[in-house]
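I have a structure here, written as structure tokens, and I will follow up with some questions on it.
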Amino acid sequence: MMQSQKEKAELIREISGVNPSKCMKCGKCSASCPSFQEMDIKPHQFVSYVLHEDIDALLESKSLWKCLSCFACVERCPRDVKPGKLIDAARQMVIRQKGADYLSADEIPELLDPELPQQLLVSAFRRYRR
Amino acid sequence: MSIEKTNEFRPKIVAFCCNWCSYAGADLAGSSRLGYPADVKIIRVPCSCRVNPMFILRAFEKGADGVILCGCHPGDCHYTTGNYYARRRMTLLFSMLDYLGVENGRTRVEWVSAAEGVKFSTTMNEFVEKIHSLGKNVRLEDLRCRN
Amino acid sequence: MQELVTRAKELLADGTVVRVLGWKRGDLSYNPEPAYFNSQEELEQFVYDGFCGANLSKYMIEGSKKEGKTLVFLKPCDTYSFNQLIKEHRVDRDKAYIIGVGCRGKLDVEKIKAQGIKGIQNISGAGIEEDTDTLNIRTIYGDKTCTYGSAMLERCHVCKGKEHMIFDEEIGESKDTKDADRFAEIEKIEAMSPEEKFAFFQKELSKCIRCNACRNVCPACSCRKCVFDSNQFDSAQKANVDSFEEKMFHIIRAFHVAGRCTDCGECSRVCPQGIPLHLFNRKFIKDINELYGEYQAGADTESKGPLTSFTFEDAEPGIVVERR
Amino acid sequence: MQRIGVFVCHCGSNIAATVDVKKVVEMAALEPGVVHAEDYQYMCSEAGQAKIDAAIKEKNLTGIVVCSCSPRMHETTFRNAAKRAGLNPYMVEIANIREHCSWIHKNMEEATKKAVILARAAIAKVSLNTPLQQGESRVTKRALVIGGGIAGIQTALDIAEAGYEVDIVEKTPSIGGRMSQLDKTFPTLDCSACILTPKMVEASAHEKINIYTYSEVEKVSGFVGDFTVDIRKKARSVNMDKCTGCGVCQEKCPSKKTPNEFNRGLNTRSAIYTPFAQAIPNVPVIDREHCTKFKTGKCGVCAKVCQAGAIEYDQQDEIVTEKYGAIVVATGFDVIKLDQYDEYAYSQSPDVITSLELERIMNAAGPTKGHLERISDHKAPKNMVFIQCVGSRCADKRGKSYCSKICCMYTAKHAMLIRDKYPDVNVTVFYIDVRTPGKNFDEFYRRAVEEYGVNYIKGQVGKVAPQPNGQLLVQGVDLIDNKQILMEADMVVLAAAIEPNKDVRKIATMLTASIDTNNFLTEAHPKLRPVESPTAGVFLSGVCQGPKDIPETVAQAGAAAVKAIGLLAKDKLLTNPCTAKSDELLCNGCSTCANVCPYGAISYIDKEVNDHGIRETRHFAQVNSALCQGCGACTVACPSGAMDLQGFSNRQIIAEVDAICR
């Protein structure tokens, strides 16, 4: 089913429960973001993209997979916009499109990097297996 | 002038207007010659919060077909808070009338400022049209008072 | 029940109170009535059972004017009314000694009769301590039974809880009786078409004989002189001539107690015509809860009522149409 | 039965062209009570008014209806005409047949029908009118100003200059307020103390001004023109008359560990202290909480060293009761608490400071004697970062939803002053927007950027992390370059939001002045009555009403003073007679009416009554007609219908409804 950009934007708003028009463009989200350098679309831009319904760019963005879901941006946003939840929602959309085509728990041990913090794995599973 | 009996439905409409905003808005509609049907008759009250739900029921009892209450916009009340109380009272009253099966639209609240002559006129035009579409008020009328 | 009598006698004896406000035996086993007891001897007539539905808080308006303290027995739901009366300065807290009494739901003889049980002579099993779910009814046609729950007042099925909001001491156990949604009836009516609604209320309200029992019993409707008796609104007591007058009376009656009504259900209990008057009050309560936040009149003695407060963001009256 | 006269105005052709005025006269004459009806070209003209005069006298009219233009135009004209003819002016009603009829309808028959109905409604109403008298209340020719900052001082000076007595009540030991803590002022960069101190001196020397420092308003009763106020003069422990202000006591006081409030806790002060050198009055107070003498009973050094013998340990709080005609609230502001902003490390590092603390550091009389240095190690900073909007424009609970208005400008000022005095210090400002509405304000900000090389970055700071080497690691964003910035700073300055002084809620309650959700006092009208509170006789000056800078505060102080003077200049106040009135026979004393009264005009009295032989004490609502403005909120709130509004009574409005629906 093809969705228009507008419908996708609405879906993101619905999944995230975020109203991007509350943003006052202060940039505190990007200022707080630990993955800022690795992102192609920065957290504050993410809000703006949703507002302007440019969703396809977001869905193809690297940022989706660079966001650590640390939620520093959610915590610190003075306008209660929660950019992290938008990113989370976009990620959900991509995953849902892929269907079941993602890593299963059984495949993990093989790929495991001993340096990787345990907590990250747990939170990744919690986040992506919805 | 003879009072002719015609079949055309001419609704009776009572408009309560607060002295400071809406009555002045109605004056402005007048001085700007912005017409609305003569069925609307205005009663001046100091503030929308002066309007007792009993006045509205009384109007219906006496044969009014529609009642509209106009006051200052929330936040602009001459007495600071009057229209906030009016808003709650009218919301509950209208909800009760709806609950009793009175047609929606016979009652209305509109905030009209002293500068909104245009809004006053369009509101009254709309309201009269709505009452026309609903027809005569039979559900709430005291039959004894019919002319 | 004996515990209540014993305690009342003690309080009379030690001078804490000079009279007792409670219920006394009626001429039938199911119609006890509110009464003052001025002595230990008079207390022999005291009764407290499932038929003691009457809310005694309103009697304390007069009770507060009498010399000395009055011991008053309040059921959990009655304490809301008492609080509301304190808030409105209608009763004097210092003139009342409140014993919160337990409640396992109050009974309505009409509900028993409606089950086809006629010619009632005596009913047992309504006692407050009795741990039975069955009422044994002796009738002129022989002995019958029905369940306690089936004879309970509507209000007890949607009980606000068995906690006393105000008391000096509590005596007796309560049993939870809530088994229905308080607003289910209202929602049912709200879902009707305007024509159905109008027909429903016309049918119900045309039974009204303007006996004013609902006014007189209501603890919120406690004005010294009611607007319906005043010459200001031309609404003074008159017989029903047409459907609008009944409606106007009941809308205004409910509007006057909106935000103050504790939903004690006394109006419906006393209506001789069996009009479900609580449907009006509860509609206002439902609207208030939905539009202005949950509010229970009488839960405290200080908070401002919903019609004497506001927020800047309140819904516009147009919401009535929009939310349909 | 009233004897009513009806006067129908042609208004030239304004009315007569669309309304058959003769018909209106004819129909009006048929109404019950109408004994006279006539029409005339211009009722408002002298000849028209003379007709009214004549008819009132000839026909003994007890009420008149004028069918003419809007009552907003000529109600007063016709009331005065009636008054001159010996009729109570409130026995006049206007049927608006011009704005509400002739001007909006084209069909003559329709317009005439409507005019007749409007006339009927007015006749029905006037039949129920009762003569009303404007009340009079006296005015105490003295004003009270609560708060002794620049707003309070300016208001007091202006009122005093007009010749009225003024009392200032100030909570702290000295007047001066926040402005006395500032170093320089924008956009002119003149020294704050240099412009404030002369005003403080002027106020203290003014014969009409009486200053209560170290005092608080305890209780307010009464109403416009006649307030009674209890003022608590807190025990100073120093005799105001004997003290010479030599300062020896402060020097010798052994207890010097108390955080110095005036310097925002950046250093300490003695237990006996004057807040700052130019304090007025220059008389110290003993802070009993921190004084060894009061804590342990031992010490007494100050009494020993005081040559004047001014130390009085046994002083008690004193309550002074005064009467005032007008009250001006000038309670000012404070900076919000920043303990919830962990990301900026305000509580973690002494080198993260608020702008007000920076003011004290920059001030020659401040904790560092005016040298810009870090609080932690007294080293001169090389890199400074300013963060804007800390707690302002916040949707969450930590901050305030509003813009604090002054921060953009004072930050530009700080940045400029630092760059001017210490050109080797790098100054970076992180901002969301730079808001500079005001005369010469934007030019000022641009100078900071263009001439002083202040580095303004559009973006916010996400985190300030204190490093082991004492540096502060600042992580921010530059939204224009779309880059994250990581920089080390020696000091971080936070532009913290301002909020109304926390005592204002208590004071507003005492005055029944309304207050908004942010604790700012509400104006009577946001545009047209910005310095008056909705409570008559209470005026607002300075930041207690909303964030503002010094020039705005001074302007508002002057405006509040003029309003107070306007009130004090009157000998008597005429009150609007259309006020609420409670019927004692119906009142239950339930206090519902008082809950909705925006003016605090309803009080309760207990009164003994004899009701059919039963004596009892009843609780009654009583309306103070000097305070009541006649909105009518109480009339609908009253469950028993005991409360009614004179001039717009229940019966009058119902009569109008009936006449219209007839």
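Here the chain labels run A, B, C and D in written order, and each chain numbers its own residues starting at 1.
The rule we apply is simple: contacts are C-beta pairs under 8 Å (C-beta built on N, C-alpha and C of every residue); 3 or more make two chains touch, one makes a residue touch a chain.
This one's a predicted model, so the numbers in the text were calculated from it and none came from an experiment.
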Taking touch as defined above, what minimum step count separates subunit A and subunit C? 2
Pick the pair with more C-beta contacts: B-C or A-D? B-C
Going by C-alpha centroids, which chain is farthest from subunit A? Tell me that one. C
Distance between the CA centroids of subunit B and subunit D (whole Å) is 35
Separation of subunit A from subunit B, taking each centre as the mean of its C-alpha atoms, in whole Å: 52
Please compute the C-alpha centroid of subunit A, do the same for subunit D, then give the distance between them in whole Å. 47
Give me the residue numbers in subunit B that touch at least two other chains, ranges are fine. 53-54, 58, 75, 81, 85, 89
Multi-partner residues in subunit D (2 or more other chains touched) are 596, 637, 650, 654
Pull out every residue in subunit C that's touching 2 or more other chains. 227, 233-234, 307-308
Is the way these chains touch best called a line, a ring, a star, complete, or other? other
Inside the complex, what are the residues of subunit A that reach subunit D? 22, 24-33, 36-37, 42, 44-45, 72, 76-80
Touch list for subunit B against partner subunit D, complex: 1, 12, 14, 19, 23-24, 26-27, 29-31, 33-36, 38, 41-47, 49-55, 58-59, 62-64, 75-76, 78-82, 85, 89, 121, 145, 147
For the complex, give me every residue of subunit C touching subunit D. 65, 88-90, 221-227, 230, 232-234, 256-257, 260, 304-305, 307-309
Hey, which residues of subunit D end up touching subunit C in the complex? 585-592, 595-596, 604, 616, 619, 637, 639-641, 644, 649-651, 654
Which of the residues in subunit D come into contact with subunit B in the complex? 20, 23, 70-72, 96, 98-101, 103-107, 109-114, 117-118, 121, 514, 522, 524-526, 534, 578, 596, 598, 629-633, 635-637, 645, 648, 650, 653-654, 656-658, 660-662
